[in-house]
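Input: structures, listed below.
Shared between the two complexes below is chain A, which has chain B as its partner in the first and chain C in the second.
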Partner chain A sequence: MAIHRGKGLATVEYPTGMNQNGDPSQAWIKVKPDGRVDVFSGTADIGNGSKTIQSQIVAETIGVPYDWVTYDNSNTDSSPMCTGTFASRATFVAGNAVLKAARQVRERILAVASRELEIDPADLEVADGAVSVRGTPAKSMGVDEVAGAATFVHGELLTGDGAHLNPGAAIVDPETGEVDRPPHAAISYAACSAAVEVDDETGDVHVLELTHVYDIGRAMNPTLVEGQIEGGAVMGLGFGVLENCYPYYPSAEHRGGDMSTYHVPTMAELPEIRNVLMENPSSGGPYGAKGIGEMANNAQPAAIANAIHDAVGVWVTEFPITPERVLAALDAKREGRGEPRREGRVVAFDEEMSINRFSSTITWGPDVAPPMCALRPAGGPSPASQDPFTGRLNQ
Partner chain B sequence: MKVVGARLPRYDGVGHVTGRTTYVDDVRMPGMLHAAALRSPHHHARITGLDVSAAEAMTGVHAVITHADVPLLVYGHLSGAGIPGDEPLLAKDHVRYRGQPVALVAADTVEAARAACAAIEVGYEELPALFDVRLAFEDDAPVVNDTFGNWYNQYEGNLDVRQIRKGDTEAAFDAADLVVSGVYRTQSQEQAPLETQVCVAVPEPDGRLTVHTCTQAMYFSLGVVCSHLQMPMSEIKMVGGTVGGGFGGKVDTASDSLTALAAQKSGRPVKWRWTREEEMLASGNRGPWHMEIIDAVSRDGWILGRKMLTIHDAGAYGRFSVYGLTKHSFHHTGAYSIPNLHFDGYVVFTNRIPTTAMRGYGVTGLSTAIELHAERVARELGMDPYEFRLKNANRVNDTSPNRIAYEDPSTVEVLQSLASATGAELSDELRTMTRDQRTGDMLPEHLTAQVGSGGGH
Partner chain C sequence: MDLTVNSVARTVQSPPLASLLTVLREELDITSPKAGCESGSCGACTVLIDGEPRRSCLTAVCAVDGAEVTTVEGLGTPEDLSRVQQAFIHHYAAQCGFCTDGLVVAATAYVSAGGSADTAAISDALAGHYCRCTGYVKIIEAVAAVARGDEFDIAATASSANNTYVTIAGAGS
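Showing the complex of A and B:
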């Protein structure tokens, strides 16, 4: 009995924006008389940092300091439509909406400044909260002065609106799945390496290290990107070795209804996490960005499974990879059942192929469908004495 | 550029870490009632009677909502995408999963609301439940879903299966040196946000409703509430945008519409905060995926073709599962270029809680299966795992399963960078490989037909 170390690898790709697109986001911006900028967007911040990212886009695009920007996503009366914060779309799709709105604001600032300075707007630039003449930085006025002039001299409101929509992609041939245009806003790419220790006596898997490389086009705020990567890595770790709503799937018994019976990763399971960010700007994202949020938990489960194989020579293909499953695979290997069936050119790792059963058009695979999951003996009723849904005592 | 790319602190970070951010549960209104749900104790049953009169008569109870109070009981969240609705906001004739809401009570206190729930008389005739997707196709299987049967049957072209067909898969398998098969199963995972689902709905003096929501998608939820209540968007104001964790589980918030109905019926502000048990046992989680992959492979390491069958356990109702499966089908080659494809995917219904979006929706389990399978094939060929992946990695202008050219695939670069970061040794050939369009040795005969001509992403 011993502890074995192994390393495993996985590489993934993931789309930005809703599959098949067609998911609009809109935004509008107004400027106060002192040049401070109010952004109105319908994008919920679910911890992904969209308030921060969109405020950065607005500050950068207009040319004002970040702390001049306020961001209001608080209600549907004042904020325009946003499809929502999911599908890794907030930075790309909603970010493009505020980018377009901010460009309009910048144009209006330049137009008013042009009148004030009596200089062609094409010869003006905005940076750090000031409008200056290209090549003559001494001749300038603050964006606060421009906004004041717009309000009190010209009777104008500095404002801008923007919307972004990647047109919907239709499946034009249901037989082949062919679509009429790209079904995503962009695709991000990543690779992950896992280092694990496997205890061949207990079946316990300890993930020591996760190293990630992500190309998300442009890291708008590297700290927040790393937050997504690290949070995603922990979620992927939970998916890989810990979490299961139905521990005896497909049985519906023994569901965990709280954090003591459903085990998410804790600090005790936290591996060393290393991240590398690559930036190959996308053609359509704001400042070249692509999505990162969702893909961040996709690579770890397979990397961990492959590392377990590297460590102890067994494939565990049902998730999560619990100690029981590791021990069962080690037992199978010891008993000579660990190798795939090799016959001629056929290498069949798992004999439970059911393709023939469900698909008349696929003709490869033995026509058998043994249990999809080994059903364990039912362990009796839930230990809860009170039914959580009715408030009544269990019989 | 100074602001974009900078490591600026979070806009809302100080409030979050000092406990000063206002989340929905922090909203308190004068005269606010508290709601509790009566949920099905059965996995599958016919409802033979529903009597709320005793509950309504209890002290402190201000409203009891059942299916009869919902102006539009069934609203399809993906109706805009042509996918019909199948899930009632409150159970009417059947309960299809344990935890399905049957009634909502609004009362002076949570305790009073729970006591009233316990006083609601529901007659149930238990029915056989289906949990195993393999059995869903049997002739004598219990019928789970009224609208679709036991698997979704309304894809484009009236198909009951999501298909991808590309190239000549049979020829690829005929030509293969190795045919490698494997089965991969991923589990149901709970989103586990710190903030459980919570809503505060407030009837305003002007007749409007204000709905404080924890939704990830305020306008999507506005549309859902307006549909169930049959009200125009001008009559409902969603207030939110600050969410205590969602991870996909708060896109289709179930709490908003019911709380709004309770506020409307009682004429009082109503808060409905789910317990942790409700969040974990009755709200949608990540669904299980059953995936079978068979690859046709050449001895020198090319993946010539792939056949794949996917069965997605959607739980009792469709929600976003068809969307998830379609996305899954579009990405079933992972980061690789495989020119000959034959994919069949099914959304199957079982008597468990309806599954919904979770981070990586439709793809997390898929990536897991693809990358385990890739590792197995590489080992079977005796190839280095990096070499096998780099060789088959998608390149600029390779085409995706649905024939869209990849614009900027970085698989080659991220693998090279990972090798460098972890000290894995790559040959000169692999170290200097680029993602550029295929030429020479990287454009073998079997890939010539599938290289596109741009226009993709």
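Showing the complex of A and C:
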């Protein structure tokens, strides 16, 4: 009876936004007579920081200080349509909408400043709230002065609008698996390494450390990105060892009880969390951004399962990895029953069975293309589908 | 029953066994204590009762007759935030904000009692608060910063050119 230590690694790739024309975002911007910028975008900030990020994009693109920008998403009458905050899309899709709107505003600021300064707009630049002549920074006027002139001299409103819609879903060739366009607007990548202690007497798993490396395009606001990673890490820790969202599934009363029986991680379970941000800018995102939101809790459960195998040599193939499941796997190993199997096959790396676990209602055929992830030889037999409850193969 | 809520004397009419949480939110319209689990598990309803952090969902209002109750509104104002409130902003310790009011109240009690900047000590004091968004890391950083006596300039947090909030790193390239 002893404490065993182990380390495990898991990786995740995650698409940004939806890919079927399903999630447009729109934005509009107006500049007040004092040069302050009002952004109207429908994106709900659920704590992910989209108000901050979109204000940063607008400030950066127009060339005004961040605190000149007011972001108004207070109601759906004044703000244009945004599909919502989900699918890791707010920074990329809604960010592109405000980026396009801000570029229009910048053009109009340059046009009015050009008339005021009597200089070609191509020779002007906007930065830090001032329009200046390239190479002659002394000759300049504030964006507030430009906005005042637009209002009171030229009788214009400095405004801009923008919208973004990812291209439709790629069409997959059922024979070759080839796609006719990139299947996603951007894909983020990450790896998570977990260090655990496993008590082989109690089955208790203590996660000591989670180290993450994320390729998220451009980290526009590294503090907010860290917040997403750390929050996701602790949620992933819960999915790995504590939480069973639907303990009685598929019973109609499948939900768990109250917070005294549904355990979520607290500060007491907090492992050491380390983050590395890799910046590999995307071609389509605002300033090279990709999505980070949803992927952040994906890799930890698998990394923890792998670390447990490293520690005590058993695969626990169901989450959460409770002490009972660890002990059952250790018992099975001791009694020579070896690794858990389904339909006589080792489950841990059974790609085909994992893929089809939740796809039993779909029959792949000439009219229905297999999913991109169902890698199989061209012209080969359709993969067998599997009943999600019994585990029985349908073919 | 008479109680002092955020330094103001209040007389409440709710039934004596109504929870303090219900009285604060529904009779006195003080909504910072959140009705999370309403069973004492999540910590979102935490208020100070005579300086001690307590679950207002499990406290009958008759039990605090004559007591002094402090919610997050009583700790500071938007113009004059308390040090813990400043630290939560400076360290980005809030995301959706649902747990934040309870945590700020409990952290205030922790540092007022001379709590240390040690991670284990902070976790021990605040482990009764659930947070689903932050992963706790930045909350612990914020509380540790107050315990260490760090100074914050919140105006600079939001607009300093040195801060990552403002300029998009490498955006010009």
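FYI, the second predicted complex is superposed on the first by the 310 of 395 C-alpha atoms of A that agree within 3 Å, B and C clash if a C-alpha of one lies under 4 Å from a C-alpha of the other, contacts with A are read in each partner's own complex, and residues count from 1 in each chain.
Rule of thumb we're sticking to: contacts are C-beta pairs under 8 Å (C-beta built on N, C-alpha and C of every residue); 3 or more make two chains touch, one makes a residue touch a chain.
Because the structure is a prediction, the values reported are computed rather than measured.
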Touching A:125 in the superposition: chain B (first), chain C (second), both, neither? neither
Should A:218 be classified as contacting the first partner (chain B), the second (chain C), both, or neither? both
Give one of first, second, both or neither to describe whether A:144 is in contact with chain B, with chain C, with both, or with none. neither
Of the partners chain B and chain C, which touch A:59 in the superposed model: first, second, both, neither? both
Which partner chains sit in contact with A:287 here, chain B, chain C, both or neither? Use first/second/both/neither. both
Per the contact definition in the header, classify A:230: touching chain B only (first), chain C only (second), both, or neither. second
Chain B versus chain C as contact partner of A:46, first or second or both or neither: both
Does chain B (first) or chain C (second) touch A:264, or do both, or does neither? both
Which superposed partner A:199 touches (first chain B, second chain C, both, neither): neither
Across chain A, the partner (chain B or chain C) reaching more residues is B
Between chain B and chain C, which residues of chain A are contacted by each of them? 46-47, 49, 52, 56-57, 59-60, 65-66, 218-224, 232, 235, 258-259, 264, 287
Spell out the part of chain C that touches chain A in their complex, as residue ranges. 36-37, 39, 41-42, 92, 94-97, 122-124, 126-130, 132-140, 158-159, 164-171
Contact set on chain A toward chain C in their complex: 46-49, 52, 56-57, 59-60, 65-67, 218-224, 226-227, 229-235, 258-260, 264, 266-268, 270, 273, 279, 287
